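Each of the next two complexes has subunit A plus one other chain: subunit B in the first, subunit C in the second.
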Partner chain A sequence: MIRNYIKIAWAVLQRRKFFTFISLFGISFTLMVLMVVTSFYDHAFGPQMPERESDKLLFVNNMREQVKEGYTNSGPPSYYFLNRYVRPLKTPENVSINSLFMPVNSYVNNKKLALDQKHTDAAFWDILDFNFVEGRPFSVQEVANATRVAVINQNTRKNYFGEKEAIGQTIEVDQVKYKVVGVVENVPVLRLHSYADVWVPITLKSQDFKRTGLRGTYFATIKAKKASDVPKIQEEFATMMLQVNKNKSKDIKEAFAYADDIFGTFARTLLGGGKTDKSGLLYAILAFAAFLFMLLPTINLVNINISRIMERSSEIGVRKAFGASSATIIGQFIVENIFLTLLGGLLGFLISAGVLEMINDSGILAYANLGLNLRVFAWGLLLCLVFGLVSGVYPAFKMSRLNAVEALKGGSK
Partner chain B sequence: MIQLTDIEKVYRTKTIETVALNRVNLQIERGEFVSIMGPSGCGKSTLLNIMGLLDEPTSGFVAIDGQPVKTHSDSKLAKLRNEKIGFVFQSYHLIHDLSVVDNVELPLLYRSVSASDRRKRALEALEKVGLSARTKHFPNQLSGGQRQRVAIARALAGNPEIILADEPTGNLDSVMGEEIMDILLRLNQEEGTTIVMVTHDENMALKTNRLIRFFDGQQVADSMVIEAQI
Partner chain C sequence: MIRHLFKLIWNQKKSNFLLITEIFFSFLVLFAVLSFILYNYHNYTQPLGFKYDKVWQLWLSPNTDSAAHNIAVQQQMIQRVRSFPEVEHASFSNSNTPFAFSQMNAGMSYKSKKDVFSEVFDVQDDYKNVMGIEVSRGRWFGPQDNGSLHDPIVINKKLQEELFGDEDPIGKLIPIDDSTQYAVIGVVDHYRSYSEFDPEKAAYFHRINLEKDKNSIWNGLVIKVKPGAGVAFEEKMVRELSRISKDWTIEVTTQEKMRQSKAKVTTVPMIAMSLVCGFLIINVALGLFGVLWYNINRRYAEIGLRRAIGASSKQIRNQFVGEVLVIATFGLLLGLLLAAQFPLLNVFQLSSVIYWESIGAAAFLIFLLAIVCAIYPSRQASKIFPAVALHEE
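Then we have the complex of A and B:
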C-alpha cells in the first residue's frame, strides 16, 4: 500500500513541476536554515571535543554583585573566589580554574600572528577531553613551578613550524618564550570555556592570585563523578554561596554565581542572570522561534497541498468507492506529504552540507567544524517528519471528509 | 441481496428542495442482471450511489444481504464496499498516475493481501477483460473501450458479489459498447455476479434479465426483460 502511495506521490510531483518546485524549495530552504541552526547548537552545546562528557560538566563563568547603591556589576569571577570557594567543593570529581582567553601577539618570520592565549591549571587537562596529536599536557609539577611550557593547537603549530614536529621547540608570545610540550586538535571558538590557540600554566599569571575581590577574569570548569551528581554539586555550590555572602565586602549587598551546564551558562548570560536556571525558558524561546520560522512555509505548503489534493478529488472518490475509509485517505495523504518533505529534507541536507562547508571555510568562526553528524541528522529527520505531519494533516483531513459522490464528480463539497 | 425500503433522497438548498428519489422500494436478487432506465435527472445514478453505499438516503433503509447499513460506521461501510461491491463508472475514473495493473489492484490495497497475490489477481482480472497485453500502460495510452475494460477489471479484482455500473457504455461507440456489454453478460452468466446497470441505451437494457424504469424519482415500471419485449 505504501509503495502505491509513493508511486502516486512521485507521479503527482512530476505532473505539476512548478508546484513541486515551490513546495520543495520552501521545505528544503526552511530545513536548511533549521539544520544550520541545529548544527550551530550542536557545535556550541553538544557533546563535542573537548567537552565530550558535557552531561558531567558544569561551568562557573559569571559573578554578579548587587552593590548597595542599587547597581549591579557582573563579569567573570576572580581567581580568589574560585580558588577559595569553588575548588574545595566536595561533591565534584575535579575542579579546574582557567582564565578567559586573551588576545596575544606573536611574530613568525616578521609576520604578526594574532593568537588567543588561555592560562590553565593541570586539572583542566584531566577534566576536558582534548585530542593530542603530539606530546602531552603540562603537569601538576610544571604548573606548581610556573614553568614556561605551552600546549598549542594544530593551527599554531602549522603557522610556526609548518609540517615539522613542534615538541621541544620554542614559541614566543607577547615577548615571552615557552617550550611546546603538546599539540592538540583545533578547538572551535564557540567552546568559550576550552578554546585557545596557546594554553600555558595559570601560575604564570600569579599576580592575579593576590586580588581578593569576587570578580576577575577566570572561569571554573567542574566535573562530576557521574551525570546524576550534577544537581548535588549545584546544591553544594548554592550552599557555598551563602558562605560567600556572609564573608563578602560591605560594599556588596549580595553576590550571585551559579554552576551551570554549558547551555545553562549561555541561557543565564543571554537572559540577564537571575536566580533560576534559564535553560527551560531559552529552549521554549528557541522552540517558539523555530515554530514561527516554520509557520509561514507550513501554511504555504498546506495551501499548495489543498489545491494539489483538490485536483485529485476524483481519485479520492474512486478510492472511497473501492473500500478506502476516511482514515485510510488521511493516512495516504500524510504518507505522501511525509514523502514530499523527506525529499525536501534530503535536498535541505545537501544544501546544508554546502552552507556549513562554506561557513567552515570562510573563517568567520575560528576553527569552526560545523557538520551534519548523526545527532544533527536525527534532528533534521525529526524536523522533516514534524513538518510533513503538520503541513499534511489538515489538507488530508479536509479531503477525507469529501463525500464520495461529490468527489467523483470532481466537486468541492 | 440488496434491499431498498421507502428510500427518499432530497437535495436542499436555501431556496430549493429537489426530490431525487421518492419512496423507492426495490429488491435485487442474487445473480440478477438488472438495468435501470429513465430520462436524465430522474434519479437513476442517485439510486445506484445509494445501493453502492456511496451516498445516504434522506429517509428509508438499505440492507445488503439482509443486514441494514444505516448505523454502520464509515470504516464498516468502506469494508462492505470493498468486499461486496465493484463499481464501473461512465467516465471510467481510472487513476491517471497509476499503471493499468496498479489501477486494477486498487480494491485489494484495502485488504490484507500480499503484494504478489494482489498482482496475481489483478493480472487474472485483466485477462478476463482481454487486456493482458496492456498491464504496464497508463490510462491515457488507452482507447475509451480499453479504459472501460480496465475499469471492469478493477471492479472484478476484488471478486465482488455485486457490480454497479453507471452507464458503462455511455462514452463508447456502439462497437466498443457491445464489447463491454458482452463482458458484463459473461460475468453475470458464467460467474453469477449480480449486476445493476444504469443505461440510456434500450438495446443494452434489453440484453439484461430485468428492466426498471424511473421517472421523476419514482419507479414507474419493473419487469422481466422477456415481458418488456412483448
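Then we have the complex of A and C:
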C-alpha cells in the first residue's frame, strides 16, 4: 500500500515541477538552518573531543560573592578555593584545576603568533580525551617540579616549527622557553574549559597559589565515576559550599559556586547565575525560538500543500466514491507529505554539509570543526518527520472532508 | 473599486486566512531584523570621537603582589616606551581602552540630578595625542593639574547634557564622596569607544597622576607609533619591556585588530540574521507565487466571463494585483497592531524613530514582495481568451 502511495507521490511531484521546487526549497533550507544550529549546539555542548564523556563531566567556572545587598562580584574561582575545597571532594573520580586561557605572544621568524596559553595539572590529561598526534602529556612528576614543558596544538606546531621536528624542541612563549613534549589535535575555541594553543604545568604560576581570596583565574573540571554519580557530586559540592561560607572573610555576605555540566554552566551564566539550575529554562527558550523559526515555512508549506491537493480533488472524489474512508485518505496524504519532506531533508543534508564546510573554512570560529555526525543526522531526521507531519495533517484533514459528489465535479468551495 | 476588492477578500477570508497569517509573520520577522540592522547602522554613522589608526594596545599585568615594586616597574616601563624612537605618544589607562571588552561605570550626582550613570576612563595627559581626541570647550589635562585641589575631569557632551542640562559645565565641582570632588575642566563632543555599533553613553576622563597615586596599577597602555613600525619593533619592545618587568604578562595588539574582533560581535549575528530572514522571505515569496498562480487558474471561468462582458485585460490584471495587495494589507494591519507596541511602550530602549523607520521599510518590502509575486500570474490571467475559457466551462 505504502509503495503505491509513494509511487503516486513521485508521479505528482513530477507533474507540477514548479510547486515541487517551491516545496523542496522551503523544506531543505529550513532544515539546513536547523541542522546548522544543531551542529553548533553539538559542537559547543555535545560530547566532542576532548570532553567526550560529557555526561560524567562537571565544571566549576564561576564564583559569585555577595558583598552587600544588591552588590555582587563574580568571576572565575581562585586556586586556593579549588585546591582547598573542591579537590578533596570524595564522590568524584578525579578533579583537575586549570587556569583560564590567557592570550600571549610568541615571535618566530619576524612573525607574531598570538597564542592562548593555559596552565593545567596532570589530572587534566587523564580526565579529558585529547587526541595526541605526537608525544605525550606532561606527567605528575613534571608538574610537581614545575618543569618548563609544554603541550601544543597542531596549528601552533605548524606555525612555529613548520615541517621540522617539534618534540623535544623549545618553544618561546611570552619570553619563556618551554620544551615541547606533546602535540594534540586542535581543540575548538568554544570548548572554553579545555581550549588553548599551548598547555603548560600549573605550578609555573605558583605565585597565585598563596592568595586566599575566593575569586581568581582558575577553573575546575570534575569527573564522576559514572553518570549517575553527578547529582551526588552536586550535593556534596553544596554541602562543601556551606563550609566555605563559614570560613569566608567578613567583607563577603555569601559566596556562591556550582558544579554544572557544560550546558548548565552556560545556562547559568546567560540567565543571570541564580541559585537554581537554568538548563530547563534555556532549553525551553531554544525550543520556542526554533518553533517560531519553523512557523513561517510551515504555514507556507501548508498553503502550498492545500493548493496542490485541491488540484487533485477529482481523484479524491473517485476514491471516496469507491468507498475509501477519511482515515485512508488522510493516511495517504500524510505518507505523501512525509515522503516529500524526507526528499527535502536529503537535499537539506547536502546543503548543510556544504554550509558547515564554508563556516569551518571562513575562520569565524578558531579551529571550528562543525560536521554532520550521527547525532546531528538523527536530530535532522526527527525534524524532517515533525515538519512533514505538521505541514501535512491540516491539508489532508481538509481534503478528507470533501464531499464525494462535489469533489468529483472538480470544484471545491 | 477598492471597496469592492476588500469585500471580495473579506468574503473569502477563510481561504485567504493562511496567506494573511503568512504575510503577518513575514512582516514581524522583517520588522525585527530591520530594527536590529537600522539600530546598528544608525550607531555606526555617529562619530567615534577618536582615531584608532596606528594605535597599539599593550596589556600589562603583574604576577606578584608586592605593590611598591610593581609601581616602580610601571614607572620604568612607561619611560622606556616613550624613549623608543618609533613611539610618538604613550599613555597608561585602565583596561577599558577603545574596543576592549571591559567597561567601568560610576554613578554621579550634581544638585538635583542623582546617580547619572557614566563610563569612567582613567587616562594620562598623553591620551589625547594617542587617540587624537579633540576638546571642544575648556581644555585637556596638563602638567598644571599636578597641584590642583580637585581631581580634574573632562566630560563628553552626553554627560554634560544629562548632568548639567543647559548650564555651563566648565569649572563645576561634582561631589564623589565625602572628601573628594571632581572639577570639570573640559568637554569633548563625542567619545564612544566600546564598539562602533554601540550608542554613545555618558562618559568622563579622569586624570592619572603617577606622582600622586602610589597604589594603582594600570593595566592598559596605548601607544601611537610612527608609520612603518611593524612586528620587528613589536618584538624588540616586548623583549625590552619584559627585561624591566621580569614576571609580568605583556600582551600586544593593535587597535585595528581589536576593532575588527569587536565589530564581529555585532556583524556576525547581523549577517546570520539577514541570511535567515532573506531565506524566509524568498520562501514566502515562492509560496505566495505558487498559491496565486493556482488560485488564478481555478478562477479561469470567472475571468472568461468578465472578459466576455467587456473587461479589458488591464482591468483583469489590476484586479488580481489589487486583491493580493488587499490580502497583504490585512496581514500588515495585524502586524502593525503588534509592531506599533514597540515604539509606543518603548520596549528595549531603542529610539522610536528606528522602530517607525523599520515598520515603514518592512511594510514597503512586503508590498513590493506582494506585487512582484502577483504580476506574473495576473498577466497570465489577463491573457485568457474569453471564448476559450467559456468553452471549457
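Annotations
In the analysis below, the second predicted complex is superposed on the first by the 408 of 413 C-alpha atoms of A that agree within 3 Å, B and C clash if a C-alpha of one lies under 4 Å from a C-alpha of the other, contacts with A are read in each partner's own complex, and residues count from 1 in each chain.
Everything below uses one rule, namely that a residue touches a chain if its C-beta (ideal position, glycine included) is under 8 Å from a C-beta of that chain, and two chains touch if they have at least 3 such contacts.
Predicted model only: the values in this text are computed from it and were never measured.
In the superposition on chain A, A:11 makes contact with subunit B only, while subunit C stays out of contact range. Which of subunit B and subunit C touches more residues of subunit A is settled by the count: it is C. Within the superposed three-chain model, A:314 lies in touch with subunit B and out of touch with subunit C [touch as defined at top].
Contact with subunit C, but none with subunit B, is seen for A:211 once the two complexes are overlaid on the shared chain.
Within the superposed three-chain model, A:141 lies out of touch with both subunit B and subunit C [touch as defined at top]. When the two complexes are overlaid on their common chain A, residue A:326 makes contact with subunit B while staying clear of subunit C.
In the superposition on chain A, contact of A:403 is made with subunit B only, not with subunit C.
For subunit B in complex with subunit A, the touching residues are 49, 52, 54-55, 74-75, 77-79, 81-83, 86-87, 89, 93-95, 97-98, 102, 105-107, 109-111, 115, 154, 158.
For subunit C in complex with subunit A, the touching residues are 18-19, 21-22, 25-26, 29, 63-65, 231-232, 234-235, 238-239, 242, 247, 249-253, 264, 268, 276, 279-280, 282-284, 286-287, 289-291, 293-295, 298. Looking at the complex, you find that subunit A touches subunit C at residues 18-19, 21-22, 25-26, 29-30, 33, 102-105, 107, 110-112, 114, 174-175, 205, 207-208, 211, 293, 295-297, 299-304, 306-307, 310-311, 364. Within the complex formed with subunit B, the subunit A residues making contact are 1, 3-4, 7-8, 11-12, 15, 314-315, 317-328, 403-405, 408.
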